[in-house]
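Think of it as A, B, C and D in the order they're written, each chain with its own count starting at 1.
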Amino acid sequence: MRLYEFEGKALFREFGIPIPEGRLAGNHQEVHEIARALNQPVVLKSQVLTGGRGKAGGIKFADNADEALKTAEELFKIKIKGYPVERLLIEAKFEIQHEYYIGVTIDRANYKLVIIASGEGGVDIEETAEKYPDKIFRKSLSVKQELYSFDALNIAKKIGIPSEHLKTAAAIIVDLFKMFKAYDAKLVEINPLVLTADNRLIAADSRISLDDDALFRHPELKAIGIEKRHEEGEMTPREQQAHEWGIPYLDLDGNIGMFPGGAGFGIMGNDFIHYYGGQPANFMDSGGGPSPERIAKMLVLLDENPNVNAIFGARFGGISRCDDFAKGVVMFLKEHGLSKPIVMRMTGNMWREGVKIFENAKKENPKLFEKVEFHGIETPIEEISKRAVELAAGRGAR
Amino acid sequence: MAILVDKNSRVMVQGLTGGAGKFHASRMLEYGTNIVGGTSPGKGGLTVHDKPVFDTVEECVKQTGADVSVIFLPAVAVKEAAIEAIRAGIKFLVVIPEHIPIHDMLHIREEAVRGGTTVIGGNTAGIISPGQANLGIMPDIAFTPGRVGTVSRSGSITYYVADTLTRTGYGESTCVGLGGDPVLGSTFDEILLKFEEDPETKAVVMTGEIGGVYEERACGVISKMKTPVLAMVGGIFAPPGKRMGHAGAIVEGKMGTAKEKLEMLAGAGAHPCKTFKDIPETLKKLGV
Amino acid sequence: MRLYEFEGKALFREFGIPIPEGRLAGNHQEVHEIARALNQPVVLKSQVLTGGRGKAGGIKFADNADEALKTAEELFKIKIKGYPVERLLIEAKFEIQHEYYIGVTIDRANYKLVIIASGEGGVDIEETAEKYPDKIFRKSLSVKQELYSFDALNIAKKIGIPSEHLKTAAAIIVDLFKMFKAYDAKLVEINPLVLTADNRLIAADSRISLDDDALFRHPELKAIGIEKRHEEGEMTPREQQAHEWGIPYLDLDGNIGMFPGGAGFGIMGNDFIHYYGGQPANFMDSGGGPSPERIAKMLVLLDENPNVNAIFGARFGGISRCDDFAKGVVMFLKEHGLSKPIVMRMTGNMWREGVKIFENAKKENPKLFEKVEFHGIETPIEEISKRAVELAAGRGAR
Amino acid sequence: MAILVDKNSRVMVQGLTGGAGKFHASRMLEYGTNIVGGTSPGKGGLTVHDKPVFDTVEECVKQTGADVSVIFLPAVAVKEAAIEAIRAGIKFLVVIPEHIPIHDMLHIREEAVRGGTTVIGGNTAGIISPGQANLGIMPDIAFTPGRVGTVSRSGSITYYVADTLTRTGYGESTCVGLGGDPVLGSTFDEILLKFEEDPETKAVVMTGEIGGVYEERACGVISKMKTPVLAMVGGIFAPPGKRMGHAGAIVEGKMGTAKEKLEMLAGAGAHPCKTFKDIPETLKKLGV
């Protein structure tokens, strides 16, 4: 999960990494007060969980508090890649002498932590990496290793930090690496690390991504407002609803509601729909061993989505049990009701029990199953995919 | 024959007294898996399904001769459980739980390499050598003994592939779930090498997925393998995954899109498949 | 440096190691209040930095607050091995089912950390270790290694902790080891770790010794009152004075003031005095490269000690410089004056400059040097030792 | 000949621009020690006593061929400085500062063993191979080239022993200060073995001290040495040292009193001496 710039900078401060003087503002009056207190030219930085904020006009400068107030009023009105600007980080402006890049991430192919540094920091760092790989310095370490000052000093030297700043830069690199480990990070970046005209080294921006799954180890983060969230950006209302229910869900552009079991077939099922000429309306993952309630909620999300013409269902019971799945479907049919046609296939663990549940419910109330086409292991999943495309295209029930 | 587990494997379950451990152990036993015991710290001396429970893996190994272990424990306990198994001499370890912290997986991997243990998972459905042993949470309905190996990052895909192989009469030698997490105990290349060494495995179906770097790592091995490899990659039509900052892009370069992965695998000599029904068609062409 | 029991227990609490309910009292009224609040039988534990406190009557029980008050009044009057009881730790009493021992220390011969545990805890643990080495379980780890729960569980099993308490005991052992590393300890002991009659595991006592030289890494300890101090017990007034001046100094029983350079010869010089029939009055170490001021203070300590009949001085200039040494001696002679005879030898780095300083000062005021017998490299140190013994025995100046 | 350092050693100083580093470097140079450079992070490019200063040991080693280093830095910086030297390939390292945290020394020792570096100190006066090289803070006045090696935990004792050997015409091959700290980079036995291998060293004077466990460790080596060892132990009349809790007593057992140490050393074949003047008398008897 990605942190806001101001959150990342709060962690930088905790680890002794120098950041610009500044404060967070939630409205333009606060901006005015902060700028007045700083009493010098300031930068106003929109706090949104997406990249390209500078190019989108989300970062502005102001020479004094009144100008800052005016600029803030404008910024609070804009959207960046669709995300409204709700908070601004107001910081003292500084003159740039040079921009460096320092990042730490995980090299998954080699199971190492890797420190990446460059003397050419800033937004074009990826381009630099591609065109001039020599300008990027890397050092890999095992997760058990410590980064020593002399290693960090070496990195600082290699990216051309001037002699008098080597020790400061090395301390920043060591602290960044410590922070990466201490908070179970997936990514920490200082980009740019600025050498100011008045010869200070400052982390001008922060980019941090933490491992959701390790958040339990860091209850102290909750105290400063850092809680589990999406990797980037904000959510559509339906994504928001799914998030609250704990269901991994993404809206897509098509008209077939995807109701698969497991993330793996969740992804590949979407390809199948494409192969047969359809367009999925969403991506969804049931998670391991979903309860009947969860299954029912997944169907609610799809049934209430006006873009959805038909629903594609697939369940191969592994850790998930077909009886729980069937119970959830029946619960949905009874309590919510189905307004779109659905075609689905169910097999795997406890499939016999699942089938019995369907049969009993159907016997009780056949109307519930009017729009349901139900298959077992005898029908290949390709046939189900093809049928879902037909249903969505309005080629109706057979 | 099979890889990693067979009917002679002496299997233990870490977390045998827990809900999931107990439930799946009974399924595994029903399948005929040779479960010899399990662990649950503080509950040594109990039995579950008539199998002895120990406080530590070390004791379980000493008393039962266990050489394979399956972990059914909460994610927070996996790091220590895995290292315990590795240090106790377990040679093959199946890590079922999901949501294991990535840094923990890096620790586990380091210990595994040092200890010479093969780890699969976390977030895997497990492994099955049909007719011999079923380790994890896979439903046995899809599987039948046979001559094609499978390796996948996804449990559901494994079921569909096996379902297809079973339906078309090929059957499976062993089906391996690498696991769905971003950092895994084993990689495609490592498992492919084991299939290459198994004389009964006549072909391998490898199913990858958008994101990550493990499919790319496999290319070097595939190009040297004698056993034919069929490759599927999920997510061809998925929107491109978000990169993790500049650092992610720099470290992983152009890796990660499903289309590129499939092309690289094909370039290395794998036979690409679109949907499951392409698998038997390809196998037929290859004369498997 | 050794911590008080209550300080050690505060660190236990921080690391999640269970301790008895209780509070520290500085006078008998506080004892009354605490005992009243606990509202159950209590134990009153004298807080002194020395062992054998139980056998010396420093630990008492009381059934209620009034009894605790009376007992406290008595305890505040006693001395334990010469140390007055100034504070009492008042804790809820518990019934003992079994006593275990758990300690972590450094195995210097093998450069390892070692965890020691026994099913026979309590004050006789050393005897147990000697007579029944099988009852002591040890596990060595490198300073870089982590202690895992399963290792700790194994230790807990080996010392016979019952099944239902294994996980709790393992957590205590893991936490104790973490604490050892986190605070740069030289020793941490829970003795006894008590299994109470009502089936709780409790650290009934704490024994902790931290590395003075690593205190700079733990500024947080200062906040709870833990500062640099002697390893054990309190100091004589002269030791206290020396401590304030930063001079390692110990009072001994003899009459020869020892003024050597370096800890090594500080110890061996004492043997030499013994060989020639004398008795040193002290042990002292100048520390590396002492300033003239420090040299002068060292002499003040000896000259003002009424037990001292004569002073034995030796300086082999290494990191210490003979010129600084001579300056310090002259400073002392001028500003304080020498009341006892001194025999000394000076050689090593900058000895020529040192000799010149003495000669100039003597030329200026020969009276200052009346009681000084001064030698250079030509006289073996054995002769100086012998002479110091003569001087102390009143065999006067030659 | 000599052990550990001689006139061909290429010596660097970590902390060359600091007060102590600069002062003692000049003394060492005056003695004829082959100092080739030094380090001071952030001050690379300067020179001190005409010797180049580098930011890192790695650079210094590359540029000057340094193979021996002496550390003159505050105690808090020693851990990293020592590990830096070891990783940069320094084969012999002298750690002068005192008050180094014990846990830091354990880290250093581990790295040293792994890297194959001999470390002496902390809290050592250093090492001198008379007439060839003087590393540390020892005054040269006491030393003269000769045929007896010395090893001690104390600087001042080293001076007195050398003073005695010089005065009586034996002279010294190399004098090693192990250091006065509770945990040291090297132990008596390790240094004694080096003397045993040196054909020019005809005897070794080892001076120990009350407390610690290093004298006891030496016994095994002494009993196998051909070169005679003379032993002194300081603190025969000192009050017994305090044990560190029960754990200290359990781990170190009966070790530690000066009298017991001297008896153990004598038992292992060392020749005990009471005061310095016993040294030449013993050497004479041994025909050295």
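Following the convention adopted for this analysis, contacts are C-beta pairs under 8 Å (C-beta built on N, C-alpha and C of every residue); 3 or more make two chains touch, one makes a residue touch a chain.
This structure is a prediction, so every number in the text was calculated from the model and none was measured.
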{"item": "Between C-D and B-C, the pair with more C-beta contacts", "value": "C-D"}
{"item": "Interchain centroid distance [CA atoms averaged], chain B/chain C, Å", "value": "57"}
{"item": "For chain A paired with chain B, centre-to-centre distance based on mean C-alpha positions, whole Å", "value": "27"}
{"item": "Touching two or more other chains - residue numbers and ranges from chain A", "value": "144"}
{"item": "Overlap residues in chain B, where contacts from two or more other chains coincide", "value": "none"}
{"item": "Touch-based graph of the chains, sorted into line, ring, star, complete or other", "value": "ring"}
{"item": "Every chain pair meeting the contact rule", "value": "A-B, A-D, B-C, C-D"}
{"item": "Chain B - residues contacting chain A, complex", "value": "20, 24, 27, 75-76, 96, 98-104, 106-107, 109-110, 123, 125, 137-139, 141-142, 152-160, 163-164, 167, 180, 182-183, 187, 207, 209-210, 212-214, 216-217, 232, 234-239, 242, 244-252, 258, 274-277"}
{"item": "Residue ranges of chain A touching chain D (in the complex, touch as defined)", "value": "148-150, 153-154, 157, 163-167, 170"}
{"item": "Contacting residues of chain A [partner chain B, same complex]", "value": "101, 103-109, 111-114, 116, 125-126, 129, 136, 138, 142-144, 181, 184, 186-187, 189, 191, 207, 209, 211-214, 216-217, 231-232, 252, 260-268, 270-272, 274-275, 283, 288-289, 314, 316-319, 347-349, 351, 377, 380-382, 385"}
{"item": "Complex interface listing, chain B residues touching chain C", "value": "41-45, 55-58, 80-81, 83-84, 87"}
